[in-house]
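Both complexes below contain chain A, partnered by chain B and then by chain C.
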Partner chain A sequence: MGSSSSRLSNVPNSQELMQETGFSAAHLLRLYERFQFLDKDNKGHLRSEDFEAVRELSKNPIGDRIVEAFFLPGQETVDFPSFVRVLAHFRPKEKNRSREGAQQEPEPANSRNQKLKFAFRLYDRDGDGKISRVELLQVLREMLGMQVTEEQLESIAERAIQEADLDKDDAISFDEFRKSLEKVNIDHKMSIRFLK
Partner chain B sequence: MQWRDPTHSGYLFRLSTDYIIEANHNVTNYIPESALLICFGFILGGIIWGADKVQTFALSPRVFFFYLLPQIILDTGYSMPNKLFFTNLGGILVYAIIGTCWNAASLGLSLWGCHQGGAMGDIDIGLLQYLLFGSLMAAVDPVAVIAVFEQVHVNEVLFIMVFGESLLNDGVTVVLFNVFDAFVSLGGGAIDAKEIIKGIVSFFVVAFGGSLLGFVFGLLVSLLTRCTKNIQIIEPGFIFVLGYLAYLTAEMLSLSSILSIVFCGICCQKYINSNMNENSVQTVRYAMKVFANGSETIIFVFLGISAIDKTIWVWNTGFILLTLLFIFVYRFIGVFFLTWILNRYRLVPLDFVEQLILGYGGLRGAVAYGLAAMLDETKVKEKNLMVCTTLIVVYFTVILQGVTMKPLVNWLKVKRAAITELTLIEKVQNRVFDHMLVAIEDISGQIGHNYMRDKWRNFEEKWMSWLLLKPSARKKQDHLFNVFHQLNLQDAMEYVTKGERRGSLEFIRNESAFIDFKKRFDEDFADAMPDIMADKADEQDGASARRRDTISSVSLEMHEQNMRGLRGADEINSHHLLQQHLYKGKKQHRHRYSRSHFDINQDENEVQEIFQRTMRSRLESFKSGKMGVAPPKTITKHTKREQQPKV
Partner chain C sequence: MDWFMSPADELLSKYLGLSINVWLTLVFGFLIVPAVLGVSFGIHKYYMRTLLCIFEWATLQMKLKAKEKNHQLYRHYTSGIVSKMPDSTLRQEIQDLRRTADCLSLEPRFDLADVFFFCRKGLESILDDDVTKCFSAQELESWNLLTRSNLNFRYTSLKLLALWVLGVVIRYCVLLPFRVTVAVTGIFLFIVLSTVVGFLPSTKLRRYLSDTVHLMGYRLCVRSLSGVITYHNRENKPKNDGICVANHTTPIDGIILANDRCYSLVGQLHGGLLGMIQRAMVKSSPHIWFERAEVKDRHLVAKRLRDHVADENKHPVLIFPEGTCVNNTSVMMFKKGSFEIGCTIYPAAIKYDSRFGDAFWNSSQSGLVGYLLRLMSSWAIVCSVWYLPPMNRKGCRTETIQSERRF
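Right, the complex of A and B next:
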């Protein structure tokens, strides 16, 4: 780790970031290299065009939503800490995290709750804390092929809301969202192995 | 009837059996083709025996190893899903190497132990010969695995584990067999540490040497296709010739020939598919399937025929039954133990059901029979017993396990699925997760989970593609999306300025804008671009657009009223719709290994749709940025778009 630590010093706020996100130094360094790679003009921050240069994203039905999730509301640039914070959600959960520790510290980014919140934000673009029928329709539209008609979409959305909406306000709140996904192994489904 | 040449008659059989089998697809749903072929072989063998009173045909090892096996393996190498294979390579190697050694050792030692205990009566087999027998029975057979798993569509990872194991264990099998064969020749006394070390070293030489040789031949083939621009008609021929050459060269050097031809196929796939023109690629693909299918058919038929021969049959209940038992049991033990170790290092652990299928899929096949037939009778007195036992084991695994595999898979799955029926939200969300992970991996540059792979990719793009791809093919890979994107933006800018003057940006809302992917690859990009924009907007003006808007909103209202009545029936339909129409994630574009079915890439349409939609929304946000309108986070803009009639 001798050579990498000298480069680690180039990473701004590395210690705090490691503390906050739980990434190791090696991971952080790699992510920083990736950040610099994406930041083609060396501006020190990323704009949406930089994300769009990742070619596979244009073939991803929710690629644009994911990119949006990196940008804090109202901001048009993503700096490195924000970049890392979003990616921290996808860290696999450590097996040896003790129960007591989890209550004292602020909730780690890759806890089940945080992962769900991230997923929720993808649907809830206007940030009002509820997935309205219209927002759900949008996501469905993006995820389904062109052969599906409007009426069919509407019926799917209607059914989905019926299944999940417990307080009958015609929208899915975060708690209802979380409840409907109880049986899904979120840790599994929302983790990627990070490289060093 | 003088059918002297087995291969001629083999092809005749193949034609007839294929016709019969294709006409009976219902049958093959329950019984794998291989089992049917073996039974057909029994019948044929019976006829021949009845006619000649002597078995004129048998599967000779020479014919099998030199004329029948190579095509099958070349086909598997060429159609191998590389990414999946290399991602799971660690696990595959563990099963192939350690698993096979465990199988061989445990089987040999247990049988010997039973022999000592007197369970087998009076047969003349020593410890070394038991180990030899163990080594030839240990290997999972690629031909049998393909034949059985082709009908049973297990998930990709499971398939590649079994399949990869069956291919790579040849390295171990060859070494073990030769080592023990040499030991048997030497006799028990001459074995000392030196010999054992020689054995271990020879493993590395054989396995790595074979792979390296295959790799070299793969490069050769790729280089060759780079230079064959003027003789495209015979390009496919080179593939086969060089593939076979890889096999023979490895045999000649006493390296693992299967490994050699597999890696030749794996290595050359990408380059020859890019270098050769579409017709040649299709020819190669089809020809490979024909040869592989033909060989497989012949092999199974002959496996059946070979059994109908009174001269070779020796029955020893203890030996045979114990072998069957031990093979089965030790396979499961081996799989469970190794998976337990592996799961601590895997991101996606293999669960219990998958391990069961993995264990159950340890089929033995013609390779074991071929090796048994190669035994030297003077050294191994009980060769016939071993051959018979091998045949019985092969029948057991291919027929019995083959037939029960599908029901087993279904039964186990049914158990899991019956626990809960997924809600719509769960289904959608699962797919969202898949797409999400793919996107995050792409953004964060974690393409796969191996840093070495990343480095390899860079190396490969820089050096190997430079060397092995035709210049035209190379260009197609690099700049494609970047240039297209640039042109998109350029045209969009022009268009925005034009459109603002007219008061509408009709082209964004027009559904029939069609991006022809084929065109994009072949022609100048500049040609493709105007197609999208040019036709649509020149004559349209704001008025007609507005008119269209009102019509669609009216129809939607009417639809809504209808829907309220139909709501009950729609419940079932919604699930069904979702199932059918959700976009598959990038990683799920399936590599389904099938001998008889080609999936022409239907995913192309999906990719096109997604791409089109993404580009459109980006243009829209681009436009809004330019005009100082708020970025399309507001919902209203989207709903307006959604209300356009889509069908």
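Right, the complex of A and C next:
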């Protein structure tokens, strides 16, 4: 358990990761330590059991969806770069970043769009680009629990789809999702404050 | 050449005979008799004080050296990565969400944006949660000359190295064989005496004798580990009509609690040495051992427990709601069962002091034998037991509240 000396040179691909995700060296090091801690058998990658060992996560209604979001489709393990890339979505946006054109540089991981895409993936489990009525019902059931009746769940889902679905195809696409959340301060809700 | 060999032979045999005599007298006089009578010489206090002085000296040396070389002595593991926003806890938010769903008069509220909160909380707990800190073995502030507890041990000075080598020699060549002998003697005596007591007719005398035999067995086991146990709040000690529940850190939790009074243990019948011990125990005192087939039958378990608890002459049942290390099939059964029986529950809390030896068993890293060897080659096992006030079913306490009522 634990590496003998935690220095940035031990972290694989540290420079590229820092460029890509925008994490500072200190943060990356901390994340690497945490990754190693979660990886209890020192395998070098994480499996879903390692995530499930975090007790607070099992109390979270959408805990298993969050865990799924770390795994690329078809993969059963998460290596450190993938781990960091997912967490990069939650870095708060820097305030003094000048707005540049979308073509000039690749979109940073923690932009509003990327955060929305991440949240969309939590709803759209089968990854077909649309939140169907069935998928919405599933999430509602997880979050609202057994205290709500089926009819109430269905009426909530119905209302949510009616409000968001603009092209009336009985599903919410990513654009419709984004539009319905126009007024919400995504950056505040989907950011984790990393300690210096 | 014969005349040359025989005096040496004689001398050797005389010497061996003498040392065995001394050994047996020591073991008998200092361990077995006090264990039977329940008295203690207080040698352990001096032992621990001496050890503590040595550890402090060792830590001072390390700190001085570390300062010289400008190294960081300990990696501070427990510093957090994220600052958790104090707006509301997960539980409050779930309750809020569900409460609005409950109100029949208003339409239940739900927003597509509600998922953000849970998402963020989930990721925060992946990065930094209080619970997993409890599952990692602690890193000590002062070093206790056991490399297994100091992950950052580096060669810092010759003096420390010599001290450490001396420590290893003492622990493995003096303490370990001594403790193993005591343990073997203890278990052997226990099996024999327990079977003998089992032949007596069922009277008060037999109960008294079996209690003494059991206590002697447990005390010998504890002394074989050099265990020093402090009991607090003895007025809350469990009585004969209930169930005792305790937290479970190590396989030896049962022995530590049973050092003070006799309990009835619950578990699955094993084969081999452990099975032999179990069968010997049940001959003189009623324990609840299950055959493999019975283990799955939850009603049978509950019935046996209820019958046992109703009999005033029988000892309180000892249950670990988290599940035993030895028998994993018990976990599911007792989670509901033990608190549905409806009798008095006596909670107990066991806390280990890891300065002298870490009793935590990481079952993925070592097996039971390796674990016991590690225990026996530590300096001592020091722990405290708190007896908490007993609780009755009347309070309508559910199982979750019980388990949250922690120290």
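Operating definition for what follows: the second predicted complex is superposed on the first by the 186 of 196 C-alpha atoms of A that agree within 3 Å, B and C clash if a C-alpha of one lies under 4 Å from a C-alpha of the other, contacts with A are read in each partner's own complex, and residues count from 1 in each chain.
Heads up, the rule we're going with is that a contact is a pair of C-beta atoms (placed from the backbone, for glycine too) under 8 Å apart; a residue touches a chain by one contact, two chains touch by 3 or more.
Bear in mind the structure is a predicted one, so any value in this text is a computation, not a measurement.
K.L.:
Overlaying the two complexes on chain A, which is it for chain B and chain C: clash or fit?
P.N.:
clash
K.L.:
In the overlaid three-chain picture, which partner chain does A:52 touch, first (chain B) or second (chain C), both, or neither?
P.N.:
first
K.L.:
Would you sort A:40 into first (chain B), second (chain C), both or neither based on which partner it touches?
P.N.:
second
K.L.:
In the superposed arrangement, which partner chain does A:139 touch: chain B (first), chain C (second), both, or neither?
P.N.:
both
K.L.:
Which holds for A:126: it touches chain B only (first), chain C only (second), both, or neither?
P.N.:
first
K.L.:
Check whether A:150 is in contact with chain B, with chain C, with both or with neither, and answer first, second, both or neither.
P.N.:
first
K.L.:
Once the structures are superposed on A, label A:90 by its partner contacts, choosing first (chain B), second (chain C), both or neither.
P.N.:
A:90 contacts both chain B and chain C.
K.L.:
Can you tell me which of the listed chain B stretches (73-81, 469-477, 541-549 or 613-621) runs into chain C once everything is aligned on A?
P.N.:
469-477
K.L.:
Shared contact residues on chain A for chain B and chain C?
P.N.:
31, 34, 37-38, 51, 53-57, 59-63, 66, 87, 90, 119, 122, 139-140, 143-145, 147-148, 152, 155-156, 159-160, 164, 172, 177, 180-181, 184, 189-195
K.L.:
Where on chain B is chain A touching in the complex?
P.N.:
My answer: residues 347-348, 420, 423-426, 428-433, 435-446, 449-451, 454, 481-482, 485, 556, 559-560, 562-563, 566-567, 570-571, 573-575, 577-578, 581-583, 586, 605-607, 609-611, 613-615, 617-618, 633-635, 638-639, 642-643, 645-647.
K.L.:
Write out the stretch or stretches of chain C touching chain A in their complex.
P.N.:
75, 77, 79-83, 85, 90-91, 94, 97-98, 101-102, 107-108, 110, 112-132, 136-137, 151-152, 364
K.L.:
For chain A, which residues count as touching chain B in their complex?
P.N.:
Against chain B, chain A makes touches at 31, 34, 37-38, 51-64, 66-67, 70, 87, 90, 92, 119, 122, 125-126, 132, 134-135, 137-152, 154-156, 158-160, 163-164, 172, 177, 180-181, 183-184, 188-196.
K.L.:
Quick one: which bits of chain A touch chain C in the complex? Just the residue numbers, please.
P.N.:
1-2, 4, 6, 27, 30-31, 33-34, 37-38, 40-41, 51, 53-57, 59-63, 66, 87, 90, 118-119, 122-123, 139-140, 143-145, 147-148, 152, 155-156, 159-160, 164, 172, 177, 180-181, 184, 186, 189-195
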